[in-house]
Amino acid sequence: MNHVLKAQQFTPKLMSLIFNRAAELEVIMHDKQRHEKLGDLLSSEMLFTIFYEPSTRTRMSFAAAGQHLGMQVIGTENAREFSSAIKGETLEDSIRVLCQYQPSAIVLRHHENHAAERAAKVSKVPIINAGDGAGQHPTQALLDMYTIKKELGRTEDLNVIIGGDLLHGRTARSLSYLLAKYSGNTITYVSPKELKIGNDIKAHLTKRGVKFIETEDLESVLPDADVVYWTRIQKERFEGEAVIENSYHISKKHLKLMKKKSIIMHPLPRVDEISTEVDDDPRAVYIEQAGNGMYVRMALIEWVLGYLCTTSSDQ
Amino acid sequence: MNHVLKAQQFTPKLMSLIFNRAAELEVIMHDKQRHEKLGDLLSSEMLFTIFYEPSTRTRMSFAAAGQHLGMQVIGTENAREFSSAIKGETLEDSIRVLCQYQPSAIVLRHHENHAAERAAKVSKVPIINAGDGAGQHPTQALLDMYTIKKELGRTEDLNVIIGGDLLHGRTARSLSYLLAKYSGNTITYVSPKELKIGNDIKAHLTKRGVKFIETEDLESVLPDADVVYWTRIQKERFEGEAVIENSYHISKKHLKLMKKKSIIMHPLPRVDEISTEVDDDPRAVYIEQAGNGMYVRMALIEWVLGYLCTTSSDQ
Amino acid sequence: MNHVLKAQQFTPKLMSLIFNRAAELEVIMHDKQRHEKLGDLLSSEMLFTIFYEPSTRTRMSFAAAGQHLGMQVIGTENAREFSSAIKGETLEDSIRVLCQYQPSAIVLRHHENHAAERAAKVSKVPIINAGDGAGQHPTQALLDMYTIKKELGRTEDLNVIIGGDLLHGRTARSLSYLLAKYSGNTITYVSPKELKIGNDIKAHLTKRGVKFIETEDLESVLPDADVVYWTRIQKERFEGEAVIENSYHISKKHLKLMKKKSIIMHPLPRVDEISTEVDDDPRAVYIEQAGNGMYVRMALIEWVLGYLCTTSSDQ
């Protein structure tokens, strides 16, 4: 049985399978006739979306993914109100009971680290981790990688800037892990000194032979970047407000420094760390990036249900 | 692309199209065989119901409308917990991302005025305004007008009493706007002096040549009324509790003063401003009025999706 | 029109009908081809799940039941936010309006006693009580009885231990009522003196000729039990913490005292009143018990919709 638990479980080969199917699904979804037939295969499958903390965007993305595939989708928006959890029930008991209702798979969002792994240990059906605590959010990591592949045509030999709050940012860490699975990538970390990427990541990159540098000067490294992956610095986590506004805010002037064939990504939500004047530039792909998540999740659902091998033409 | 943004956008001709289809849908829904076939056409369409504030009745009405039409419906009950909104994301970004998940239309309820218009500016799919702030709630206005048409057979030459809190009531204002689109209607506003209808409405009626009067004496005007549209006076907004109980409470004695062919409407929820002893009178149509909303919303969904012209037999 | 309002309405004959169909549905659900066809019959039926207080497990169980039967399911997770209820609308008005949206049945969870009966009085469609206040939770009672039937093959001539907080526990009471409908059953109540079963139940058992005893000593009665139905003692309701830990906690040592063909049940959620080391014993059926609830609810939905007679082969 396949589960989706953490970004690290995905090999380049498996990512290739998922990404090819995601691309295929995107084509199908834009073809009215093929879209209508898409749902037939999974029409008796049921997806549970169990969210112990609210995450409207992720939940809607999974629910839409399931329904576009023809599945029935039911769930809970905020299971901190999961009455049995309030009464002291363990996550394990809750998952065991939910499995009794015969879902085909369970999408789980939880506030505790390693919750998805704990769930997978007792579950009779595949668990898809939709974020657990400060830990893993593997479908976000995969959609980031898929966006790079889709926009630039490759996942190797890339100059990738990852900037913002790299100390607390889950996405910066998992993207680093995935980039290290391919050859020839160079990562440039741009952050205030206080919010630098963790030493464990740097050790991992060194071990894998991935080149990386750290800097506070975005403008000097922009001209070489293929990808600018930008994240938010929460003001409550960093005192230097003026620094944020001057050095961690992407606006039109930065676009001029960038290569023609390059992209600006962001895990969203975006507040003011990327100016809205950037939105219309073809290199700004953060909205499409969020949309890519749905296609990646559709492919992952097919994969955990064992449908991917037989329905994909890419194997 | 059609959006449903405000009551004023609906011409008598367009209302006629919507109302005829709503009536037709009501017939279809009560015919088991036709009901079963109803869902085939829209079965690959998906409706998002995005509620930034809870409104269970309106959400259920839209969700049921979508599902009776065969659509898949997913949404959020209370997106004030929309995690990205809490983190400072703009409504525009949220709508852009939701569109990436390939819905066919988005039903939006929001706590800010003009939210639906802002959403429509960036949306790739039709926006249906399910109420934005103190501003617009166009589907409520249309279902009010549809109820009058259905019950009395006409939208012209009507004597309409609109009573209660006319200063704060959104429905009193929008019904006035819609009545002014037809000829021969007379409006009688019944309210405490402190809660009179706004001067902008009165100016609009004068400009359109619509006769209206204002009074505090319900009983004197009841005998001529075709429609009594009653609304709640919130006690916290008006000190004169005794006045409310004596003059703004409809009971059996008022029924005796009314014409045989007339109707009592109320946007609901009703607390005690209409006595439950009135409920069994055939002129009390407020429960059916709420139900009419679902048929109107079904017709509106078909309209924004471009299906109304081809599926309606009434053109 | 059939409603599901309270456990007492179910005769042995009706329970037999429901339980046979539940067992049949469980078989169908585990047969991929029959499962796929299951949904065809009810595909134009719609189920509303209206929860005035959160109960994630019960709601998910009903929603999954409805969707496995092919129904469309929409609802509200926590209708205390039911905006019209907050504004003072009666339950009766809310139900009347919901019926206007043309559901096939309404599953209602409410915080007030007798809410389901009040709803049934005004509803145009069947009401299924999913728990009202401290009063009734009939589908829980039925799934308990169904579990006994399924696991032990009979509902008569049983030695049943019911233990824990019998004063406040709704399930202990309703299971007692149902056991009294069959002949030859003996009930052993195990509880602290302060939390004994109500005198009304004892009077009812005496009237029906059902033997029962009361004790505080679980171990002495375990060897004769066919069923151990264990419930939680909430610490805030009982001061004797040491007593709870010593006498109201089931662990491996109790298993040794029990008959080979016997079962341990629990309405869940379980906190620490049954040790997790018990879970792997084949006599521990509390997780399956929760799952049985879904099949019972599927059968009840078919019954209230009038489909059970014609689709069940067991009559």
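All chains are identified by letter, namely A, B and C, in their written order; residue positions are counted from 1 within each chain.
By definition in this document, a contact is a pair of C-beta atoms (placed from the backbone, for glycine too) under 8 Å apart; a residue touches a chain by one contact, two chains touch by 3 or more.
Because the structure is predicted, anything quoted here is derived from the model rather than measured.
Residues touching across the chain A and chain C pair largely diverge in numbering: under half of the numbers involved belong to both copies. Between the two copies, chain A and chain B, the Cα superposition rotates by 120°, quoted to the nearest 5.
Each chain gets a centre from the mean of its Cα atoms; for chain A and chain C, those two points are 40 Å apart. Residue positions 77-78 of chain C are each in touch with at least two other chains.
Of all residues in chain C, only 43-44, 46, 48, 72, 74-79, 81-85, 87-89, 93-94, 96-103 touch chain B in the complex they form.
Only residues 29, 32, 35-36, 39, 54-57, 59-61, 63-65, 67-68, 73, 77-78, 232, 268-271, 287-288, 290-291, 294 of chain C touch chain A when the two sit together in their complex.
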